[in-house]
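Read from first to last, the chains carry the letters A, B, C and D; within each, the first residue is number 1.
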C-alpha cells in the first residue's frame, strides 16, 4: 500500500504551483550560468559555476524523476515529445566528460537547457505548436521557392563559376550566395562583379529578386489569410455560443412551422364552414 | 472667498483653446532651441538662446502651476502619469547647473521637453496609449524570441569566441551581433569569417534568420489580427447603434410572439366553433 | 455662329479615343527623348532630338489649346489641378533658353513631361488620388515618428558630435544619419564608432530601431485597416444593390405588418363571433 | 482495331499514380545531375553523368510520347501551355552539340528541366497560375512605379552624370542604381558622393525612397485585399453549399407567401361571414 500513495503524492507535487515556479527559477538560473561561462572569470568563480551546474543537473534529475513517478500510466510519459526532450537533456548532462574534445559538446548541451523554458511554460508550448502547425500548409510555396533557388543556383554556378570561385564555385555555394542576394546584403557587389564579364547579368539578379520577393509575399499572405480565417471561425463560434443567437436556419424552421399551422387552421375553418353550411 | 474663484478661473484658462495653442507654440519653440544649440553659433546668438531657454522654463513653470491650481482635487493631479512627467521635466530644468559635467545631462533633459508635445496633444496621447496597450499581448512572442536569441548567443560565444573576440566575446556582445544579423546588416561578413574555421557554420546563421523571421512574422500577424478584431467589433457596434437594425434575436422573438397569437386565435376559434355546434 | 461650333468640335475631339491614344504616344515619345539625351550621342542625332523636342512642345501646345477651347466654361478649366499642371509644363517648355546655366533647369522641366502620363490616363490619376487621400489620415503617426526622430537626433548630435562631425555635426545631419539607421544601411558601423567612446550607446540604437519599427508597423496596419474597411463597405453596398437582397430591417417590417393583420383579423373574428352570439 | 486500344492503354498509363511518381523521381534525378555537374569531378564520374543525362533525355522522350499518344484528341495536346513547354525542353535536349560554344547553352537548357517539376505536380501548377493571375490586376501600380523610377533616373543621370559615370552614366544605368537604392543596398554611399557636389541632393534620395515605399506598400495591400475578398467569397459560397442555409431572400419569400395566405384566409372568412349573415 506504499507505492500508490507515493505516486499520488508525486502527482500532486507535479501540478503544484510553487513547484512549477521553483523549476522555472532553476531553468532561468541555469540559463544565467550558461551566459556567465562565456565571460572571462576568476578561477574561483569558475569553480563555483561548475558546482552550481552540477546542482542544476541534480535538481533537473530529481524533477524529471518526480514527474515520471507522478505519472499514473508510465507508458504515457514518453508519448509526450516534451517529456522525451527533457529526459534527453538531463541524461546527456549526466555523462561524465574528461576529454577536452567533448567538453565543447557538453557545454552546447547545457545551452539547450534554456529550451526547457518552452517545455515548462504552457503558453510558449502553445505558441510553438501553432508556429509548427502553420509550416506544412506552406509546404508547396516553400517547394516552389526552392525550385526557383535551385534553377538560379545551377545557372549561376554554370555561368559565373570562372568569375568568382568563392561565390559561385558549385551549386551549394551558389545557393548560399543567392540567399545573401535575397536578403539584399551587398548584392550589388556580387552583381557588379559579374556585369564586368556579362554586361546583361543584371537581368539574372533583378528577375531572381522579383521571383523570390513575389513568392515570399505570397507565403506571408497565405499565413495571414489562414490565421484570419481561423480567427474568424473562432469568433463566429464563440459569438453563437455566448449569445444563443438563432441562425437563419432556426428562423426558417420557425416560419415553416407557422405556415403549416396556418394551413391546418385554414383547413379546419373551411371544414367547419362546410359543416355549418351543410349543417 | 478668494481661493475658490481663483481655482475656477485657472480651471477655465486650462481648457481654453488659445492657451493650449500658446503652450504648443512654446513647446515647438523649445524644440527649435534644442535643435539650434547643436549648430556652431555666434557667442551673441548663444547668449540669446540661453535667455530664451530660461524664458521657456519660466513659461512651463507657470503653465504647470496653472494646471495644478486649476485642478479641483489636488490629489488627482499626480495620478495622471503625463502630469507627473511634465512636472518632472520642469523641476529638473530649474536645478541650477554650473558644473560642466552636469551641463550635458541638463542639455539632454531639455531634449525631452519635446515629448511634452505628446502630453499636450490628445490624439498623440491616444496613439501612444494604443501602441503601449498592444505590447503586453505580444509578451509571450517577445519571450520566445528572446529565448531563441539567448540560445544562439550562448552557442555563438561558445563556438566562435576564438575567431572574433569583438563579435562573439561574451553572451551580451553575441546578442548584439545576432541583432545585427537579424537586420541583415553585413551578416555575410560575420558568416564568411566563421565559415573559414567551421565550414558548416552557415547552418547556424540560416536557421537563426529563419527562426527570428518566423517569430517576427507571427508577432506582426498577431498585431494585425488584434487590431482588425478590435476594429471589426467597433464597426459592428456603431452600425447597430446608428441603424437601429433589428438582430436575428429580435426577429426570432417577433416570430414566437406571432406564433403564440396564432395558437391563441386557433384556440378561440375552436372554442367558438364548439360553442356554435353545441349551441 | 462660328465660335460655338468650334467649341463643340474641339470638345468632341478632346474625348475622341484616337486623339487620346495619339497624345499618350507623344508623351511616351517625349519620355524616350528625355532618356536618349542622357546617352553620349552623335552631334547629328543630338540635332534631331532637339528638333523632335520642339515638335513635342508644339504638339503639347496644340493639345492644351484644343482642350481649353473645347471646354464649355473656360473658368472651370483651371479649377482642375491636372490642367494647371499640364499648362505649366507646356508654358515653361516654351521659354527660350540660351544661357547655359538655365539649360539644366530646362532639361529637368522636360523630365516632368513624363508625369503627363498620369494626368492623361484616368486609372493612374485615380490611383494617385487614392494614395494622396490615405496620407492625411496618417498625419498623427507621421508626427509621432518625427518627434521620435527629432528627440534622438537632438540627443545624438549632443552626445556624439565630437566622435564623428560628419554623421552627428548638427541636428539636421543627425536626422539624415538616423534615417540611414532606420533603413539598416551600415548602421553597425555608426554604432561601433560611438561604442568605442560610450560602450552603452547600443541602447540608443536598439531603442531607436524598436520605436521607429513599431511606429512604422502601426502606420502600415493603419493603412491596411482603412483600405479593408473601405473595401468592405464598398462590397456590402454593391452586394445589396446587385442582389436586391432584403435587409433584416425589411424582414422586421414585414413581420410587423403581418402581426398587425393577424390582430385585425382576430379583432374582426371576435366581433363577428360576438355578433353571431348576440344575433 | 489496334490503334484505339493503344491510345486507351497509354491514356490509362498516363494517369497511373506509379507512372507519375516515376516521372517525378526522374525529374529529381535530373535536377541532382544538373547540380552534380557544377562540382569538380573525376573524369569517370563525369562520363557516368553524361550517360545518365542521355538516359534522362530518353525517359523524358518516352514519357512525352506516351502522353501525346494517350491523348484522345491530338489537337488538344498542344493547347496546354505546359505540354508545349515539356515538349520544347525535350526536343532541345535531343539536338546533338559538339561545338564548345553551344555546350554552355545546352547545359542551361538542362537546368530548365527542373521546371518540369511544376508542370507535373498539380499543386505547384495551381500556385503558379494564381501568382500569374494576380499580376495584371497590379499593372497600373507597376506602371506608376515605373514612371516614378523613370523620372528619377532621367533627373539623376542629368544631374549626377559628371559625379559618377558608373552609377549615373545614362538612364538605364541610373534605373539600376535606383533599384539598388530601393533595396537600401549601400544607398548612403551613393548619396554621400553626390552630396559633396550638391549638398541638398539628400532630398532626391529621401523623396524617392518615400514614393517607392508608398507605391510598394499600396501594391502589397492591393494583393492582400484581392486575396482576402476572393477567400471571403469562396468561404461564403462553400458555407451556403454545405449547410443548405436559407438566405435572407428565402426568408423574405416565405414571409410573403404566408402573408398572401393570411390575406386569402381573411378574405374567405369575410366571405363566409357575409354568407352566414346574409344566409
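Everything that follows uses one rule, which is that a contact is a pair of C-beta atoms (placed from the backbone, for glycine too) under 8 Å apart; a residue touches a chain by one contact, two chains touch by 3 or more.
Since this is a predicted model, take the numbers as computed values, not measurements.
Student: Spell out the chains that contact subunit A while also contacting subunit D.
Tutor: Output, common partners of subunit A and subunit D: nil, no chain qualifies.
Student: Measure off the straight-line distance from the CA centroid of subunit A to the CA centroid of subunit C, and report it in whole Å.
Tutor: Computed from C-alpha means, the inter-chain centre distance equals 40 Å.
Student: Could you give the separation in Å between the centres of subunit C and subunit D, each centre being the mean of its C-alpha atoms?
Tutor: Distance between chain centres: 28 Å.
Student: List, in ascending order, every residue of subunit A touching at least 2 other chains.
Tutor: Within subunit A, the residues that touch at least two other chains are 184-186, 224, 228, 247-248, 251, 255, 258, 262, 265, 269, 276.
Student: Thinking of each chain as a vertex joined to the chains it touches, would you call that graph a line, ring, star, complete, or other?
Tutor: Per interface graph, the chains form a ring.
Student: Sort out which chains touch which and give me every pair.
Tutor: Every pair of chains in contact is listed here: A-B, A-D, B-C, C-D.
Student: Tell me, which parts of subunit C touch subunit D in their complex?
Tutor: Subunit C reaches subunit D through residues 31, 34-35, 37-40, 104, 107-108, 111-112, 114-115, 117-118, 123-124, 127-128, 131, 176, 179-180, 183-186, 220, 223-224, 227-228, 231, 235, 243, 245-248, 250-251, 254-255, 257-258, 261-262, 265, 268-269, 272, 275-276.
Student: Show which residues of subunit C lie in contact with subunit B when the two form their complex.
Tutor: So the residues of subunit C in touch with subunit B come to 140-141, 143-144, 147, 150-151, 153-155, 157-159, 161, 169-172, 174, 184-188, 202, 206, 209, 214-215, 217-218, 221, 224-225, 228-229, 247-249, 251-252, 255-256, 258-259, 262-263, 265-266, 269-270, 273, 276-277.
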